[in-house]
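Common to both upcoming complexes is chain A, partnered first by chain B, then by chain C.
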Partner chain A sequence: MTDPAALRDVIPHEPGLWHQAAGRFLKRRSAVGSAALLLLVVGICVIGPLLYPHPYNQVYRDYILVPPGLTPRPDPTTIEKGFAKAVRDAGAKVVEYRIDDTRVVTAVVEARRNLDLDLMKKSLAIRGLFAPPHMTAEPGTSRAALTVATNTIVFPLGTDANGRDLLARIMVGGRLSLLIGLTATAVSLGIGVIYGAIAGYVGGRTDAFMMRAVDVLYGIPLLFFVIILVTFLGRNILLMFIAIGAIEWLTMSRIVRGQTMQVKAQEYILSARVAALPGRTILLRHVLPNILGPVVVYAALNLPAVVLAESFLSFLGLGVQEPMASWGVLVADGAGHMETSPWLLIYPGIALVVTLLSVTWVGEALHRAIDPKNLD
Partner chain B sequence: MGFIYFLCKRILAAIITIAVTITVSFFLMRLAPGGPFDLGRIMPPQVQANLKRHFHLDLPIFDQYLIYMRDLLHADLGPSMVYVDRSVSSILASGLVATLQIGICAILLALVLGIAVGMLAAVSPNGLLSRLIVNLSMIGVLVPSFILAPLLSLILAFQLRWFAIAGWGDGSWYYLTLPVIAVALPQVGIIAKLMRASLMDVLGQMHVRTAIAKGLPPATVLVKHALRPALFPVISYMAPAMANILTGSVVVEQVFAIDGIGRYFVQGALNRDYTTVMGTVIVYTSFIVLFNMLTDLVYVLADPRVQVGVSND
Partner chain C sequence: MKISKTDRQPLLMCSSLTLRLPSNGPDTAAKAILNEVSFTMERGETLAVVGESGSGKSTLGLCLLGLLPKGLVPFVDGEIIFDRTNLIGLDEPSWRRLRGARISIIFQEPMTSLNPVMPIGKQIVEAIRVHRLMSKAAAWDEALALLKRVRIPDPEAKMYAYPGQLSGGQRQRVMIAMALSNSPDLLIADEPTTALDVTIQAEIITLLKQLRNDTGMALLFVTHDLTLVRSIADRVLVMQNGAVVEQGPANEVMQTPKHDYTRYLLACRPSGSKQPIPSGSPELLGVKNLTVNYTRSSSLFSKRSKTTALEGVNLSVKAGQTLGIVGESGSGKSTLARAILQLVSYDGQIRFAGQPVCKVASPGFIAFRKQVQVVFQDPYGALSPRMTIGEFIAEPLRAHFPELSQNERRHRVAELLEEIGLGRADMHRYPHSFSGGQRQRIAIARALVMNPQMLILDEPTSALDVSVQLQVLKLLRRLQEQHNLTYLLITHDLAVVSAMADEVLVLKDGREVERGATRQIMDDPQQEYTRRLVSAAMAV
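Let's turn to the complex of A and B:
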């Protein structure tokens, strides 16, 4: 008897299939680049809203359809007018007024009768324009010197027709679009793998019947069913996940069936059968792990189609509803205002296309890495 | 003999597909809560009951189904439940003009442009054009018609005023161009990519090399020897292409405010107009199934190697 430990040193160490695939993936600069881009997009959408000051559904009534840019708002004239109004409301008038580059207002105010500093503080706070002021009354007069910082807001990508910040909506919309994409892909993966594996493994008449059913379904415009389903059964986001997943499994089941039939013919499956393992065990333990590669690749390549299906529905007003945002909702909203505010169409569109492109690139890179022999 | 058998089999499969679609969408709609007369408008219970009786909505679902199928066999799609005094057939007839015109123009454009560009790319596989096509076709697939259509309309109609911003007008090219481009462009990319790959494959085959070796001019080799076999993948993509174009047309009709089938479908779904939605679904399905059959026929007729009546998987 040879010692197994000694054998291990003699036989050259081969890294596993997945290990090799990871190596191939990391070696290609384009693969790593697209994966980084995808991670960046996902990171911005997931973490961005936590760090960003504007909530996605906050309505700024004074800032409707603000064009994109980094100019802080409001502009100095608005600040001056707002300041004068606040001072007047507190029964005083502005004697001196100066605003510096950091938008800190230094002013001297004079009351008509008695200077009420508390009232002044409240009056300034009520407009939301100013931070709590620093005031010193000049003894013996009804004047006070006043230093106050302005609350400025920036809308990097502008605002929509309801005065909501576009960047916040794009990030939150991205979360939802990606979530729907992943969930629907998982649903389609589940149905497709189970269906295809059973058809391929059992074979014979069952297989013929199951695949004929897939052929029939292929001939039907299934997206119309999803529309019927979501409009008639109510706009439930969960329902939409499932409905989209339920129409995207057809190709997956064909791929899995083909792969299963290939694997089934191999000797190790034969020995598993000779060992009288139950069919379920063979399928789960020996067949499925060996067809995982193409399944992962196809799922990644199909993800854009799923995200597009969601956006398509939302664009038609049949999917995600306001005030929730998804990229489809934002594009539809942008299309409605494009003559006056093209940024509402362009930025969500860019977000959608860049994400789909990076997903596709990652999918193709995975294809090269995991399944190099099936490249066309 | 074999051919007729094949034809009958295909027709039977088509009928089954359409019947399954009708049945499934019928029950999907009726089983959902809320009908066309439960939305928004408040009406006296008696009126509501009368309306429901008029449209047979008071009967058990299965009886409704039988009545619908019986009428359908008499080519009667029933009255619209929302558009007063309009039959679904007349709605569909008015919508079909625009939708079919957009669909047919788009598929022709996609075919001609896609094949031409794909051929150009295949002739110089490593050239700039070739690489451009591979990348552009991917972008073409990923920029969906619901982004493309508003963008085109913004630039070409709103800024440059070359085309109509919305509407159908007299259906001339002034109204037709943008909708057609918006639905056709993604398909152009896909067809060009398919054509490039398959032509490159064919150009490496023996019979083409023989043709070149015996001194035929390259153009002759390309058109007479390589083109026909290279077209097969494109032919088998025709049916999915048509399905994609029809789906895209739903969006485009919405963007350009064109009263086509797609708009009636979306409006019908929103208003729970059972009969109109059924009618549009039937039209779409029949159209796609018919097109599927047609491409199969073309395939069989064009490629003598395809054995008729033998399933090809």
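Let's turn to the complex of A and C:
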């Protein structure tokens, strides 16, 4: 077939479709920017709660609906009142009180009878306002000099109606929302694309039966489906993943089927059949790469739908339960306090919008990158 | 028509019409889509504008109608004087008064130019009433008269028909009726017959000629086909890359072309004939009593309806021979190709190299696949867009010759690319960076990669420009001689068949009309249908 002498000079290999697509993707500034933004959001949600001082479920009863800001709390008046109360509880009174810029309290206390330093320590600790104090009793008197640092709390994005830190809840909620989005996208890509491609490519009766099965699943309302699952398997967050995953691939399979039928009629598919290529090869090498565009775009559009479906289920009590959070739950919660505490809606909303936008942009950029026509 | 004898002003005068796109970026030069196009047209005259794709001939038509995309309008320069009015810079309301009333157009594709959910009559009435104050009843009568004038059979009933119920030729007649509804002074026909079968093409040309003589309108006939010019045009304008390279009376240009490009276009008709094969060559492909039925069912449970695409077709091709299969659309010629390629199910017998063709998915079937390959019509759909052409050509080797190393595959591809006139470095490029003719040659290379004995060529040149057509035919001829290939050449173009085929099979409505040696069919057709086909092909 070939001149053996010519075989000695090796024809250089060129990067393949995916390699080139990656190159095109990295060349576009908007693509890289949105991908970086998405990675940043994911990184904050995953690592953030580990480094952040407030646990997502701690209730600060004194700090309900605190507006966002970097003001350290408690404020000096609260500290003074709290300090006086703690001292009184330990059977003493404040003689001298001073608070400096670093929020360290220097005071002199005097007991009515005996000064019990241990009781004083406990009383101060129980308020949650103060670090362990440094006390020196003045010998011969019932007085003691006291130096104590205050526990400073900052709520950068404020707190909710239960006195929980909003930033902590957004980060933890983001983990759940992103995980659900990822699961649903993986399922719709994994099942939906394969199922739709097979139905569209084989066609005829197989296609009719496969698509009727999809229609039947379409006919089951999501809510009904989840209730059935909950009834049989008990309440579990995993169920929500299963339920949403089971619904989300349906639309994808329809889109893929339609695209496949269109591509199937192209002459290069016919010529692949004439070359007796196996059906699997034709599907993987000729059909799938050419329907990737709509698939990527739909997968990116899928995410908002899933996040909203999750919040709907959670609202009905079938999804995420308190004190766990998700973006959907936070937004729904914020909507209830929109007039009095708008930050409860604004910040989870921003998190959601930034994520969805960057996902859409990344999807769009991927779509363009895998099309060899956009080579330059 | 109002033609005053003293009116010496031409109907249409184009002078230095230029459409130049500004360069985007320092490295790209400004691109002229139209370059200094100047010509005049008198009333009642037919001017043919001839050129290949990219020559700017359709853009010229759009300029004359004010239908250029808005973004392009600022880049137009020059003058179009139509009946003493300069059309350049005309505002949209004035255009609307002109368009459809005094200047009309018919397009290439009659399928998409009509609204599919509106009866024909209503659409014509609408076209009339846009420009004239007229009662619906009067417009209806007028529409009927128009349908009669374009000689549609049974016009009263056709007024109520939907576009989908008409044939392609009838739809084009309806388009002509609509274009004529306001007695335009100028009719622009943009490739009006390209999508039609040859016999219908001839009828439409005759109709246009008659209508022009009756109404005295001027006809601007845009076409890629120089042979049409002879039969319709008074004068001809040859365009290349946006510029007019030659213009003059049709006879003069056709007989004594002055410009090289015109000469080149005229020489591009396929010519010559195939060398006969040595007698006693064995039969390679034999088809007996082939029948293909398409069944379709609208749902799972409804009864299946059956249409017969091909009935009782016999044919035999000897090794090294080319059998031309000729027919108009709907004749079953592409179905025949698909049946031989085992892409559709059929009844009857197909024998290849003396053996009956095996069932799909048996080892013998793969052997058949390696021997018979196909080249399709559409060079844009023929290549997988997400694959480099090297991968695409080598793909059958990967599947059927797994013992070959990647390097060996590449060398085979390089060898083929050089054979079809491309370079070996081209194997790393994607299909979109090739022209139509190059793509068609790549499709041929892919078909040849497994060294088949037979190629089925399904309209291999119909979608290509004339000059490219000839190159592809030359390539096919050379490949046939070098590799002793057997061709089954399916086409509607009798000129291609007469240059390429040993024997011809004429199909109509799924049945054989006539079969015989090419010379005999072309010179002395026995059947009435073949005679009509040959005379239509020679006339236009």
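Just so it is clear, the second predicted complex is superposed on the first by the 263 of 376 C-alpha atoms of A that agree within 3 Å, B and C clash if a C-alpha of one lies under 4 Å from a C-alpha of the other, contacts with A are read in each partner's own complex, and residues count from 1 in each chain.
Just so we're on the same page, contacts are C-beta pairs under 8 Å (C-beta built on N, C-alpha and C of every residue); 3 or more make two chains touch, one makes a residue touch a chain.
These numbers were taken from a predicted model, which means no experiment stands behind them.
Enquirer: Quick check for you: in the superposed arrangement, does A:231 touch first (chain B), second (chain C), both or neither?
Expert: Touch partner of A:231: chain B, not chain C.
Enquirer: Regarding the shared-chain residue A:240, is it in contact with chain B (first), chain C (second), both, or neither?
Expert: After superposing on A, A:240 lies clear of both chain B and chain C.
Enquirer: Let me test your reading of the model: by the given contact rule, A:45 touches which partner, first (chain B), second (chain C), both or neither?
Expert: A:45: touches no partner chain.
Enquirer: In the overlay, answer first, second, both or neither for which of chain B and chain C A:191 touches.
Expert: A:191 sits against neither chain B nor chain C.
Enquirer: Tell me the contact category for A:252 with respect to chain B and chain C: first, second, both or neither.
Expert: neither
Enquirer: After lining up the shared chain so the two structures overlap, which partner does A:79 touch, if you call chain B first and chain C second: first, second, both or neither?
Expert: neither
Enquirer: Where does A:17 make contact in the superposed view: on chain B (first), on chain C (second), on both, or on neither?
Expert: second
Enquirer: Of the partners chain B and chain C, which touch A:267 in the superposed model: first, second, both, neither?
Expert: In the superposed model, A:267 contacts chain C only, not chain B.
Enquirer: Can you list the residues on chain C that touch chain A in the complex?
Expert: It comes out as residues 300, 341, 343, 365-366, 369-370, 372-378, 381-388, 390, 392, 395-396, 399-400, 406-408, 410-412, 414-415, 424, 427-428, 430, 432-433, 443, 446-447, 450-451.
Enquirer: Applying the document's contact rule, which stretches of chain A touch chain C when the two form their complex?
Expert: Those in contact with chain C are residues 1-3, 6-7, 10-11, 13-14, 17, 205, 208, 212, 266-268, 270-278, 281, 285-286, 289-290, 292, 370-373, 375.
Enquirer: Spell out the residues on chain B that touch chain A in their complex, using ranges where they run on.
Expert: Residue list for chain B touching chain A: 13-14, 16-17, 20-21, 24-25, 28-29, 32-34, 138-139, 141-144, 146-147, 149-151, 153-154, 158, 197, 243, 246-247, 250-251, 254-255, 265-266, 269-270, 272, 277, 281, 284-285, 288-289, 292, 313.
Enquirer: Mind listing the chain A positions that touch chain B in their complex?
Expert: 211, 215-216, 219-221, 223-225, 227-229, 231-234, 304, 308, 311-312, 315-318, 328, 331-332, 334-335, 338-339, 342, 345, 349, 352-353, 356-357, 360, 376
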